[in-house]
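Just so it is clear, A, B, C, D, E, F, G and H label the chains in written order, and each chain counts residues from 1 on its own.
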Amino acid sequence: MTEKTIEIRIHGRGGQGSVTAAELLAVAAFEDGWYCQAFPMFGVERRGAPVFAFTRMRKHPIKLRSQIYEPDYVIVQDATLTDVVDVAAGTNAGSLIIINSEKEPGQFNLGAECRVVTVDATKIAMDIIGRPIVNTTLLGAFAGLTGEIDLGCIKNAVKARFSGKIGEVNAEAVQKAFEMAGCGS
Amino acid sequence: MTEKTIEIRIHGRGGQGSVTAAELLAVAAFEDGWYCQAFPMFGVERRGAPVFAFTRMRKHPIKLRSQIYEPDYVIVQDATLTDVVDVAAGTNAGSLIIINSEKEPGQFNLGAECRVVTVDATKIAMDIIGRPIVNTTLLGAFAGLTGEIDLGCIKNAVKARFSGKIGEVNAEAVQKAFEMAGCGS
Amino acid sequence: MKVIHAAIVKPGTTLVNKTGGWRTFMPECNYELCNGCGICETYCPDSVIVKDGDRYAPNLDYCKGCGICANVCPKDAITMILEGK
Amino acid sequence: MKVIHAAIVKPGTTLVNKTGGWRTFMPECNYELCNGCGICETYCPDSVIVKDGDRYAPNLDYCKGCGICANVCPKDAITMILEGK
Amino acid sequence: MTQLLAPGHRMCAGCGDALATKFALKGAGDRCIVVSPTGCIEVSTTPYPESSWNVPWIHSLFDNAGAVAAGIEWGLKKLGKKEDTTVMVIAGDGATFDIGLQAMSGAFERGHDMVYVCVDNEAYMNTGIQRSGATPYDASTTTSPAGKVSFGNPLPKKNMPAIMADHGSPYVATASIAYAKDAIRKVARAAEIEGPAYIQIHAPCCTGWKFDSSKTVEVGRLAVEAGLWPMYEMIDGRIEKAKKIRDRKPVEEYLRMQGRFKHLFTMEGGEEEIARIQAIADWNAEYYEME
Amino acid sequence: MTQLLAPGHRMCAGCGDALATKFALKGAGDRCIVVSPTGCIEVSTTPYPESSWNVPWIHSLFDNAGAVAAGIEWGLKKLGKKEDTTVMVIAGDGATFDIGLQAMSGAFERGHDMVYVCVDNEAYMNTGIQRSGATPYDASTTTSPAGKVSFGNPLPKKNMPAIMADHGSPYVATASIAYAKDAIRKVARAAEIEGPAYIQIHAPCCTGWKFDSSKTVEVGRLAVEAGLWPMYEMIDGRIEKAKKIRDRKPVEEYLRMQGRFKHLFTMEGGEEEIARIQAIADWNAEYYEME
Amino acid sequence: MDRENMSVVDGAYAVAHAVNVCKPDVVAAYPITPQTNIVEHISQFIADGEMDDVSINVESEHSAMSLLVGASSVGARAYSATASQGLVLMSEVLFNVSGMRLPIVVTVVNRAMSAPLSIWNDQQDSISQRDTGWIQLYAEDVQEAADMTAQAFKIAENSNVLLPVMVCMDGFILSHVYEPVVLLEDDLIDEFLPGYSPLAVLDPDNPKTFGAFADPGAYTEFRYLQEVAMKNAIPVIEDAADEFKEVFGRYQGGLIDEYMAEDAEIMIIAMGSVVGTIKEVIPELRAKGVSVGIIKIRSFRPFPAEAIRKAVASAKVIVTLDKNISIGLGEGALFTETKSVIYNSSIRTPVIGFMLGHGGRDIPKARIEQIVMEAGEVMKRGITVESRYADLKEELL
Amino acid sequence: MDRENMSVVDGAYAVAHAVNVCKPDVVAAYPITPQTNIVEHISQFIADGEMDDVSINVESEHSAMSLLVGASSVGARAYSATASQGLVLMSEVLFNVSGMRLPIVVTVVNRAMSAPLSIWNDQQDSISQRDTGWIQLYAEDVQEAADMTAQAFKIAENSNVLLPVMVCMDGFILSHVYEPVVLLEDDLIDEFLPGYSPLAVLDPDNPKTFGAFADPGAYTEFRYLQEVAMKNAIPVIEDAADEFKEVFGRYQGGLIDEYMAEDAEIMIIAMGSVVGTIKEVIPELRAKGVSVGIIKIRSFRPFPAEAIRKAVASAKVIVTLDKNISIGLGEGALFTETKSVIYNSSIRTPVIGFMLGHGGRDIPKARIEQIVMEAGEVMKRGITVESRYADLKEELL
């Protein structure tokens, strides 16, 4: 049992489901044996504006209530955010930033010390879900890239959240992103 | 200069001007060299219901804020009140109760140790003011019976309060009551 | 009077408060004139006029002497007289 | 930012907040089709379409890419294209 | 039969509010629960440990009668005890027109089954005759006093029945304490109708309007006869059955009876003011088709 | 010319409220002082130390805009500075229909010279799409959600223009963000008229009503064309100039565009519900003489 | 004090008159017993042409205060009066006014809170608003209530303060008593109270945004500055009293006032009208050899922590009197806060808290004597007592 | 705790679910951030047929609470949720509800007060209502907020108590966090929480008058009985926690809860979500040899005076943390009241008051560490400190 706390920040835009992503990550983590917390950035931001959400996970119960300043992982749902938000804020050499983009990581100039990977989640989502909704898809990539959470748990969380067909295709997109991320980057 | 505080309770019915009487007494007392306070019974009583008001006077400034429990003088504007209210409450042997009535004091059974006098203020008021409003009239009787306040001061207070003709006739009724009380009882 | 947990009170208990003491004038009915129409009862704001046989009579324990009954009586059967005279 | 006695602010200062960063789609005007009617300007909720000579053009620093201008243009002169492509 | 409002209450001798309350209770019957906000009626009927009420009654605050009544209605429904129970508010004009308007508006919007009786004595009487939204034009109150440079209240009376009808109330009516049967009938009708009904009962206040306590009914009747108190019912927002007035009396007759309008007869310019008030009556007569 | 509402504000892309605000300011001009209660407009335009407003603007609370505006008007008058200044409230429907109703009612009763613009997006949007008194029948909001046993909001929309007209407002109007010129003209007219004017601007909210941000104007227009948003002016309480609709569209077309009505097309019994909404439109068409 | 210039008037009149003299630009109030008489007098002044037509009748206290927010924001000197339910109904706006730093002055005619409904005096109403960021001054008598009104405007409008002020006077006991007072002198006011010159106003010629919201990055600092303004108010309140004395010749104390306190072993701390009664009792007790004195609290907000610590130096027992209670703590605020501000000092004097005079229960001299006697016992026997009602009627329970 | 039965849900859901399990007869609430999610969940339960149709949308918080007055008076179990402006707008009704002794339960999702407007967390809102006669419980985490809801109904409805209860949970920090919780067990609730049987109700078959007014002859005694009810609540709160443990197996403390406090020299007293962060810091500091512990306040009203006096026995310095301030006293309520209740005891431990986390300012572990270090300094050097903000940004001033 590790004492380490894993902290994740998810960037998105109001309306893109960042909080849902953080929540699903927490749900999946819990199934996977972690204790967890997920919470939104507390703000008044409107649809379209840059927002973020957090997930914190740890093998023993979490009592800590502060925000996350030094994320171990950063997930960026929309590459255009990198122009307007410092997605690398608080990261250190050991962190990992996952960006939804068709571009190469090198094309982003984040000023980060840490590893940056890109995943074309939009393409996966368009292909499989049929809409450019990437919040679930990226969780698959997260699982694949970090190995912190079992893929099955993420798929379960997604299916529990979205019933029927929608849950199915989302889970499929998760699987796909997991596979692409697992080999790729 | 006496240290004594003189405390007066005025009984009446809501709408009969008990507070005004108490106020005018205070105003007159002040002109006469006293310090003074006048205040109503603090209540929710409606017109017609028994009410009372207080005046407190003393040769040096009054800081005391409590109600009056042991009045030196009691003025009863309406003799029918004696059936429903204990107008003698708190009086002692040295007190004086002045009742507006055509009856003799002996006809009232107040259970009081103190002197009781009656003044037919209603008659005076009807004769002079033309209405059965006795609150000012009784102040004349008070002056006459007690000698505590100069008659002129009471008349001034009444005239200052009611302008023109009404003030005049009220002052006249005060004078009349003073005279009747002075000799009578 | 005892004070209980909240200011909850039994119904109709102002009956202890005999507002007859407020009265300066008292309604007096001339039953010769009265036709028993009950209008006085209807308009008594203190609900103190009660039918007593075929007569309407005020309960003087509570009658405040407002004079409405006298005013509304179509037969002028009621007169307000000075209390205690 | 300094904090003063009360939260009193100078006018028009949200100009520091370049909401162009919110955009996913960008309006592109085909001036061949445009008739200069100004309807797009009227209905831009962010008031970012400005008359530039006889042309109406969005200020991309602030345009959020809502697509209303494209939708209301009677000439279908405006197309919303994916940002950054 | 026990009076639903027991004697011994402390309202002024000759109080119009007492009559309105009596009629409202007659109309609603004994299966009702009454809510009263702060005001003359409340203060005069419920000094601990006494109460004049022989029906269940509750006072909470001055500004929330509509909401409290809504809670009673909703609570009874949820507990399965609503059935034949009428939830009735008996509230002053100040509580209704001013500080409790919003709570009432919300309750009416939501459609709670209640009868809201506004006892309209045209001012805040409990606190000593201050102007309310129901105070008529030119009435002198302590916060709209007549004076060297004032004719009294400068504003017209708020049209509360219309406002409540526009809330979708199925039944709105005006009544007067001078017309007992009519008032009782209207409350009874309101109690029968499902949904929020509003009845405004004109209740002359001898103390606040300054007339002799014996004349309460007379003054009330004159308000109607002068056309200053139109009496009508509104069914689903449409005015029905406005009371016809045969020989409409001049408003002057009504005004002259009351101390609150005395200045109109003593101050320079008073005549024009009276003419303005006459115009209100004339407008009423036409609008409500009284003649 | 500087925009009276500067860009950089944080309202959603495609926000109808932003349009309503823009038009209200165009109508009132730059000699106005604006009062906004809490709501989307306020929160999105004034995060310290920024502000989008190029006219003087004040926010105090959610529930008191009418009273704050009254104080501004009265204060300016007493300081001798009222003259050409327009005092304008720009408030959401929740602030207007519900929690701020009483403050507005008082201000209108007293006759303060102000323009009260209600930006009607038919729910509490700032707090995340809860039902207000302006929410239309069957709309799904988070506090009147559609669900297995619910068709959404069970209550009809409160008739606020009528209520305000009953307050004696000299000018009441409805407008829509889809008809810019008309809306601007109405606000300008309201600003000219002395006394309290009320204008309710229909402002589709892409986020709350769930349609694509590009369709705000289209949705707004369809509301009018379907007869669900009658546009009219009331002068001294009488309806004048209701906008004529030539080929009234079926309400279905309007409803189908919006996620908040989606359940009507998926749930059993939805058709009857749509028919009920059609009946509302038909009633409007007749009552406001649209056709 | 100079009898020549005194008139016998009621408390409400004296305050209404003072308000008139202070020339507010806007007055908005809603009637509530026992405040009504103040607004009634103001209304009559206006109706008789003796005061500018600045007053407006509103539909609730929430709106009264909100209206003043608007008026004050355009630069008007703004005034209201209220009590009890009305004050608490305003509560949301009270927080808002102080946060917006609008120097509004309100007379609170103290009355108990419902339920059960009571129209009578205690100080639960204003005390329950002690967190709202308003300066709170308490008057001992009618003269002070009137004079404090002028001081209140001066304090509120001071540019280092800019906080609203409540002038609290006991309902009925002060508002409804007629007594000799010097009505605030119109001819002297300008010297004492200059016109109000706000730092910023709503003005189309110089548009500003009032009432922006503060995110977590700045909110604390706004609140902190309010607290700083309260600290700034401490000398300003003292100065206002001193200047008032210079101009008008009357002085009733600064933050606090002391009476026979210098050497007192039994030190009473109290505020409002009960102070008068205590001041009559003290010399009588002194004559009997009881070493008793009183610290009168004039300013409850800012709370005069430093002044209290100094003034209780001689005390062997401290007695606080509270016309309020925080139900569930079982203490009145003066008791709690007095203990709080001396806790970390070297003072270890026992503090006894008495609650009394709630819901209009009268406070006769005998009650004060009894309290002082009990305090004497505590002092002698060194026992500890907790807060309690001094005037509970056991027989009703 | 048993992972099996846990679900990862947000705080609002957990509370809404608990409310549903407690089977209220009437729910009336008005939306306000960050409370909205609770009422939204309730609305959805109802729309989906998972909860009785008991909820009603109202037009303001003042009416929400007033509606519950009516509902509770006919015997309904009544619930609301609110925050900040909404709570304070209810204030007049809050006093009324406690005075009428109606056992209404409200979740307060704590948020700062305007102006300046802030939607973010602190506890100014509920603390400012501490005089209203409501029991106030504060939750440390989502589980406790949910469990406390059930306890609240039980406490409120106890016939020796009959007081309304606020369950306070920090806005966003608890309301918007998803974490593993055991959702309140529907199958166990009846054992724990019997149906509500009121002492009296409005009923045409047995007419009673509710809400009579009390003149000076009786008012004090009604208030006194409220205070007695608060005292009665002390064991009832403890018992509710114990019984809850018996039935549900979970326990989060009674009036207070202690963590590493037994021997702690530096004793933190705090309430709400910050307790969690502190509980993570303490073992780390203990590992470094710092003797620190915490007393968590669960019940702020009734204030656990006795429990605090006992629990601070070992302390050499006491540190209070306040997410509120009484402007003009410059202290948070926990600081003030802690000092107050130990003043007259033999305890002389210095108490240091820190205010922090106002208007949503985050409280990282480092802040707690810094505070403990400062307290250590005080302890060592024996110096006195006054209350201050622990997280003021000087650079903004």
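The working rule: a contact is a pair of C-beta atoms (placed from the backbone, for glycine too) under 8 Å apart; a residue touches a chain by one contact, two chains touch by 3 or more.
Here the structure is a predicted model, which is why all the values come from computation and not from measurement.
Listed here as common contacts of chain F and chain H: A, D, E, G. Note on interfaces D-F and D-G: more C-beta pairs are in contact across D-F. Measuring from the averaged C-alpha position of chain E to that of chain H gives a distance of 43 Å.
Averaging C-alpha coordinates per chain places the centre of chain A 39 Å away from that of chain F.
If you average the Cα atoms of chain A and of chain H, the two centres end up 34 Å apart. Separating the centre of chain A from that of chain D, both taken as means of CA atoms, is a distance of 31 Å.
Shared interface positions of chain G, defined as residues touching 2 or more other chains, are 57, 59-60, 85, 89, 92, 96, 99-100, 114-117, 119-120, 207-218, 221-222, 225, 360, 362, 396-397. Multi-chain contact residues, meaning those touching two or more other chains, occur in chain F at positions 10-13, 15, 43, 46-51, 53-55, 59-61, 63, 98-99, 101-102, 105-106, 109-110, 126, 133, 206, 213.
Each of the following residues of chain D touches two or more other chains: 1-3, 6-7, 9-11, 18-19, 22-23, 64-65.
For chain G in complex with chain C, the touching residues are 115-116, 396-397.
Within the complex formed with chain H, the residues of chain D that make contact are 1-3, 6-7. Residues of chain E touching chain F in their complex: 98-99, 101-102, 105-106, 109-111, 133, 155-156, 158-159, 162-163, 166-168.
Within the complex formed with chain H, the chain A residues making contact are 22-23, 26-27, 30, 35-40, 42, 44, 61-67, 69. Against chain D, in their complex, chain G makes its touches with residues 99-101, 162, 199-200, 207-214, 217-218, 221-222, 225, 229.
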